[in-house]
Structure formats: C-alpha cells, structure tokens
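What follows is a pair of complexes built around subunit A, which joins subunit B in one and subunit C in the other.
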Partner chain A sequence: MNKKLLGVMVTLVGVTVYAGGAAAQDKPEVLVKQRQAVMTLQGKYFGPLQGMAQGKIPYNAEIVARNAAYLNVLDRMPWDGFVPSTKDMKSRALPAVFADPAKFKKAQEQLQEAVVKLVEVKSGNEGAAKAAITEVGKACGSCHDNFRQKN
Partner chain B sequence: MGTHCGWMLPAGVFFLLLGAMLESAWAQGDAKQGYYLVKAGGCLGCHTEEKKDAVPFAGGRALKTPFGVFFGPNITPHRQAGIGNWTEADFFRAMRYGRRPDGAHYFPAFPYPSFTKIVDRDLSDLWAYLRSLPPNQRANQPHDLRFPFGWRLPVAIWKLLFFTPGPRADVPGLTPVVRRGAYLVQALGHCGECHTPRNFLGGPQRNRFLAGGKGPDGKDIPNLTPTGLKKWSDGELKDFLLYGLTPDGDVPSETMGEVIRNSTSQLTPGDLAALIAYLRSLPPLPDESRQPPPGS
Partner chain C sequence: MNKKLLGVMVTLVGVTVYAGGAAAQDKPEVLVKQRQAVMTLQGKYFGPLQGMAQGKIPYNAEIVARNAAYLNVLDRMPWDGFVPSTKDMKSRALPAVFADPAKFKKAQEQLQEAVVKLVEVKSGNEGAAKAAITEVGKACGSCHDNFRQKN
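So, the complex of A and B:
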C-alpha cells in the first residue's frame, strides 16, 4: 500500500483509540473505583506480610517472595486514578492529594522504593525480610497519615 | 610503694562496695518494671529523634502544634545535656505537677495532665529505669514557638483552667479490670492527649474524652468511644493494637503505627484486655446518637 494511505490509517486508528479512551475510562467515578480496587489488593497481599513481621502468623518465605512481586506491580497502578476530575467524588482521599502533588508523589515513591527493597531481600533471610516489611508498612502508614481521611 | 600505705587500696575498695550497696538499697524503684512502664507510657516517641539509629531517650523529636514546634528533651542521666542532676523528687514534681526543678512551668505538650495520674510506685520504677540508661550528650533544642506562646508564665493560667494534679480519684463501681484499663489509658498511655479534641486554648474538652477530631498537627484522629469503635470486635482491636493488623489488610497511620510498635504491642495480654474493656465501658458522648463518627 502507498505511504499516504498508511499514514491516514495510522492516524484514524490513533484517533479512535484516543477517543475511545476518553469515553468510559475517564469517568471520575470509574477512576475512583479502580484506584480503590488497587488499594484493596495491596492490602490483601500486604496483610499477611505484616502479620509475619509482627509474629502473629508463621513466617513463610515463598509467600513473602510472591506477595512482594505482586506489590511491586500493584504499587504503580493506583496513581493514575488520582486526577483532579475526581476531586469532588466521595472517597477517603484528602484535598491534600491535589493541593500538594509534589508531596503526594514523594509518598508514592517512598512506597515503591520500600517494596523494591523487599523484593531484593532474599526472603530466606527472615530478619532482613521482616525489617523490609516494616519499612513498607511505614510507607503505607505515612502516606495515609497525610493523604487519607481517618475513620 | 611502702607497706604503710598498703591498707589504702583494700580500704578504698571496701568503702566503694559499701557505698554501692547502700545506693542500691536506697534506690526504691525497680528498673525492670520501669522498663515496662516506659513502654506503656510511650516515652520513647517524643524523647527520641525521628531518624534511623537515633539514641533512645536522648531527645530531639519535633511535635508540631498550633502554638509552634516543641522538641522533646534529653532524659538520659547526662549531667549537662540530660537530667543527670535531677533527684527523684525533681522527677516526681515534673510528672505530677508539670514543674521544672527550677520552678518554671512545663508546656503541656509534655503530657503531665495525664502523667499526673501515675501512682508513686510507678513513678519510682520509671525513675529507676531512666537512671539506668547510659548518659548521652545530645544537646536539647529550644522549642520553636509562635509569639507569645514561648512565654512560660501564661502556662500557670492554663494550668489553673485545665490541669488537676494528682492521681485520679477512684471511681466507685468499676471492676478491677476496667479500673486497670482506665489507668493505662488515662495515666500512662495518655491516649487522650491525641484522641481528645481541644479548645482554642489547647485545653482538652473533658466532656468529649477520646472523641477524636483534629490532632495537634491538623490531621484527623479517630473517635474511640463506643460509637467510634462500634464496627470493631474485641479480637480486631487486639489485632490492631498488637500487630497493626486490620481485617482488610489495611495499615495504621504512621503516627499510630509508632504507638503500636513502641507501646500497645508491648502490653501484657491482661493489660491489653483491660485497656479494651475500659474503652468499651466509656459512656456515649452527649451528641453521639445524632452524629455519625467522622469519615463514615
């Protein structure tokens, strides 16, 4: 096919994809639900690690390794749901999320760095893993401290 | 060395040992029990710097309030930087009456309005523990307070309005368990210092004890009265205060996370049960039937 036709087709596809993206996925209520879903899963996979770190449940290196890998992907997902169009939606996000985006970004990075450290620890090294888990918990807690409403 | 001086060394050792024996006989407090109380009282948080490898109890923690920033002092037994020059009576006066050894008033950022309720024996044990710490020379930072709140004299008026010294009068009709829980929460744990809302003068609103609201640094603080804790079972409260676990895998805020790590997770099972029993026994707030807890 000639270059011009190819160019037109690429443009059309691109516009369709872009327009399609602007339809359902950007609705504020959908974004809020999706980011909350990620947080729920983060809790699901962090919860057992926290229990192990505190000695409530027996330490299990395989679960630590598996959950750390899950968290390493999950903790990159919620953030594109915190856009200004969601500011007035009912959620526990505090206005500070939008008033202080630099600080919010730092909190995200603190979590991601802590999770990376947890992934890098050999989960067979129980002491180091528990210390890394505690650091992840602190990152979750300190972001909530500043950006999430208490109940 | 001539033999006529040979008696001096054994005599010196004898008197040294005698002095040590007398010192330990007079030292009334039990430092081991004091270690438990220092955890129940959550002293570490305010009196330790907020950085990795900070020396415990050597001071430096910043507490942000509407009046400015307070820095927790060094309470190791260092003679210049810490409280090495203090007597046990000085310690009692600080905790019970909020007064420095030189007579000046402490700002109630130091929660003596709660600590005043600690009984004498526990104060002795706490003092014994503090004396057992290695002296550390970390120098104190002066508080960074907005004008005119750096002036200590008005604290005397604040105390007249909001401070009742002395161990809490025994409320009749409480079971021993709930009474122990009340002591842990009101005196040692000083939970009300954060969880009780304050008026514009920084005085606690006594008829809203533990009702939550805005904390000293402006963040929301939960309501711990029966309405606020309605959705929590005793087992869930235990898991939260011991392990920082919530049923859905959520985590405590970092401020409360520190309290859990240093303080509530260190309580004996009996003490933790007493604490929870006390919270359950609190009367509902005057307006609680009409007002849902914040954030619900």
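So, the complex of A and C:
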C-alpha cells in the first residue's frame, strides 16, 4: 500500500467521532459485546500472521497484506466500548482500564502505530514483514498484560 | 473518498485468500463466533446510519463517512465462516446458507455493492447518502430474510 493511500485511510478510519445520541444510547452489555467482537476479529486476522512470523505456517504475502489492512481498521473500533458505564460488567477488562485511561490510550496508540508500520512494510519483504508482525504482537501482549485479566 | 482510493481499498480488502492451513485449522465453534462478531460490528456501525436515514437521530456526515468505510471492510469478513463444518452448530444461519451457496454469495455481493455505493456518495450530500443507507438496509434485510432464522 502506498503511503498516500495509507495516510488517507488512517485519516479516514482514525477520525474520532462522538455521536450526539447514538452511542450514548448503547447499553453497557451491548458495548461489552461489541468491543469483545473486535477482539475476536483481531484474533482471527492476527493469529495467522503470528503463526507465519513464528514459522508455524507458511508465509503468504497476500494474506499478510490483506490481514494487515483489516487490522488497520479493526484497531480503531474497540476503544469507545471501554466507557465507565461498563466498569461493573462481566468481562476481562481490568480496573486499570478505567483508573488509568491515559495509559490505556497510549497502549491503543502503540498498537495502531505498530499496525500502520506493518501496513507500510511491503508484505513481499518477508523478513521486514515478520519483524513488523512481531512488533504488533508485542503491542497486543503489552496491553493485555496491563489491562486484561489473566485467564 | 475518491474513486481511485475506493478502488484500491476494494481490491485490497476484497481479495479472496485461501490460507494453506490457517483457516482449515479453525474449529466450527470458532468460525461461528467470528462470523457472529462481524454481524455484531456491522450492527454497531450500521445502526446509527439507519437511525439517521429514518430521521430518528440527527444526520452527521462525519459519522456516515467513517461508518461507511468501516462497513466496506467488515462486509468482506463474515463469509468464510459459513463453511459446511459449521452446519450443525447452534446459530441462526438457515440451512439455505449451505443448500444454496450461489444464492447466498449473491446476497453477500449485493450488500458489498450497496456499501460501495454508500462510500461513493459524498456523505455531505445528505439526501443521496440517506438513500444509499436505505439500500444497504435492504441488502441486510433481504439476506436475513432468506438466510437467517427469525428470532
């Protein structure tokens, strides 16, 4: 993906919008379900990439490019579901999500930056792509370590 | 979004990839969870647009543009989860999904085409955008009528 396109996509999908009413009407249980749905899909599209980076499945540049583009949109989606009204809902979100929103926001941005770097790497460059995939995995893991309950 | 960008995005996100092993390893219950996650998110991002088209919430061009771009990626994601191995899993998918895959595929394409048209409409043009949103809603409803169990 060329940088111009990437820039436009990031601008487009990264725009922060506060709906004047739509989001506010959402029930806590709906918000939790929606943010968990994003995590499920991030797993769907990151899992194979991690498997490739770890040499467990064959490298496939086409899948890397597609999944990176998907992740670059998905990683914008879950965060507006982590609002205080959901604090007491059953989920694996740790209290730190709500107690330290600045740190949580930084963790989100680290993931987004790592995914943008993965998109920018030509997926045909297997070594660079695998390194970028590993960085995305670290961003996932770092956020989970601090903000997600262990199983 | 300009047409060139749109074309690239569609090409990028629409590429059909059969992973040599990754997807094949997925358990039916995981596939069902993943495809349901996409439906949940399509609801998250289409719901407000439908509310706007129906005059229930104020029109917001920025949200329309963002959600349309999200939907244009999400509507590529669920279909590889509707594989025969999931046929007997508990879900609202009707037998027609598996009995008439050609018709099901056509319904997917109708949704994708309606979303592309929504993306192509300038969201600043409220009338045209609302009409395009209504067409997306019809594509959702038509597929649900034929392939999803009533509640």
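One rule holds for everything that comes next: the second predicted complex is superposed on the first by the 126 of 151 C-alpha atoms of A that agree within 3 Å, B and C clash if a C-alpha of one lies under 4 Å from a C-alpha of the other, contacts with A are read in each partner's own complex, and residues count from 1 in each chain.
FYI, a contact is a pair of C-beta atoms (placed from the backbone, for glycine too) under 8 Å apart; a residue touches a chain by one contact, two chains touch by 3 or more.
What you see is a predicted model; the values in this text were computed from it and never measured.
Peer 1: One more residue to check, A:P28. First (subunit B), second (subunit C), both or neither?
Peer 2: neither
Peer 1: Check whether A:K138 is in contact with subunit B, with subunit C, with both or with neither, and answer first, second, both or neither.
Peer 2: So A:K138 only meets subunit B here.
Peer 1: On the A-aligned overlay, A:G47 touches which partner chain: subunit B = first, subunit C = second, or both, or neither?
Peer 2: Touch status of A:G47: both partners.
Peer 1: In the three-chain superposition, say which chain, subunit B or subunit C, touches more residues of subunit A.
Peer 2: Counted on subunit A, the partner with more touching residues turns out to be C.
Peer 1: Once chain A of both complexes is superposed, is A:R92 in touch with subunit B (first), subunit C (second), both, or neither?
Peer 2: The first partner, subunit B, only.
Peer 1: Between subunit B (first) and subunit C (second), which, if any, makes contact with A:N146: first, second, both or neither?
Peer 2: first
Peer 1: Just which bits of subunit A does subunit B share with subunit C as contact spots?
Peer 2: Residues 40, 44, 47-48, 51, which sit in both footprints.
Peer 1: Using the touch definition up top, name the residues of subunit C that touch subunit A in the complex.
Peer 2: 1, 5, 8-9, 12-13, 15, 17, 19-23, 33-34, 36-38, 40-41, 44, 47-48, 51, 57-58, 60, 62-63, 65-66, 69-70, 73, 76-77
Peer 1: Quick one: in the complex, what on subunit B touches subunit A?
Peer 2: Those residues of subunit B that touch subunit A are 212, 219-222, 239, 242-246, 248-257, 265, 293-296.
Peer 1: In the complex formed with subunit B, which residues of subunit A make contact?
Peer 2: Subunit A reaches subunit B through residues 40, 42-48, 50-51, 54-56, 92, 137-138, 140-142, 144-146, 149-151.
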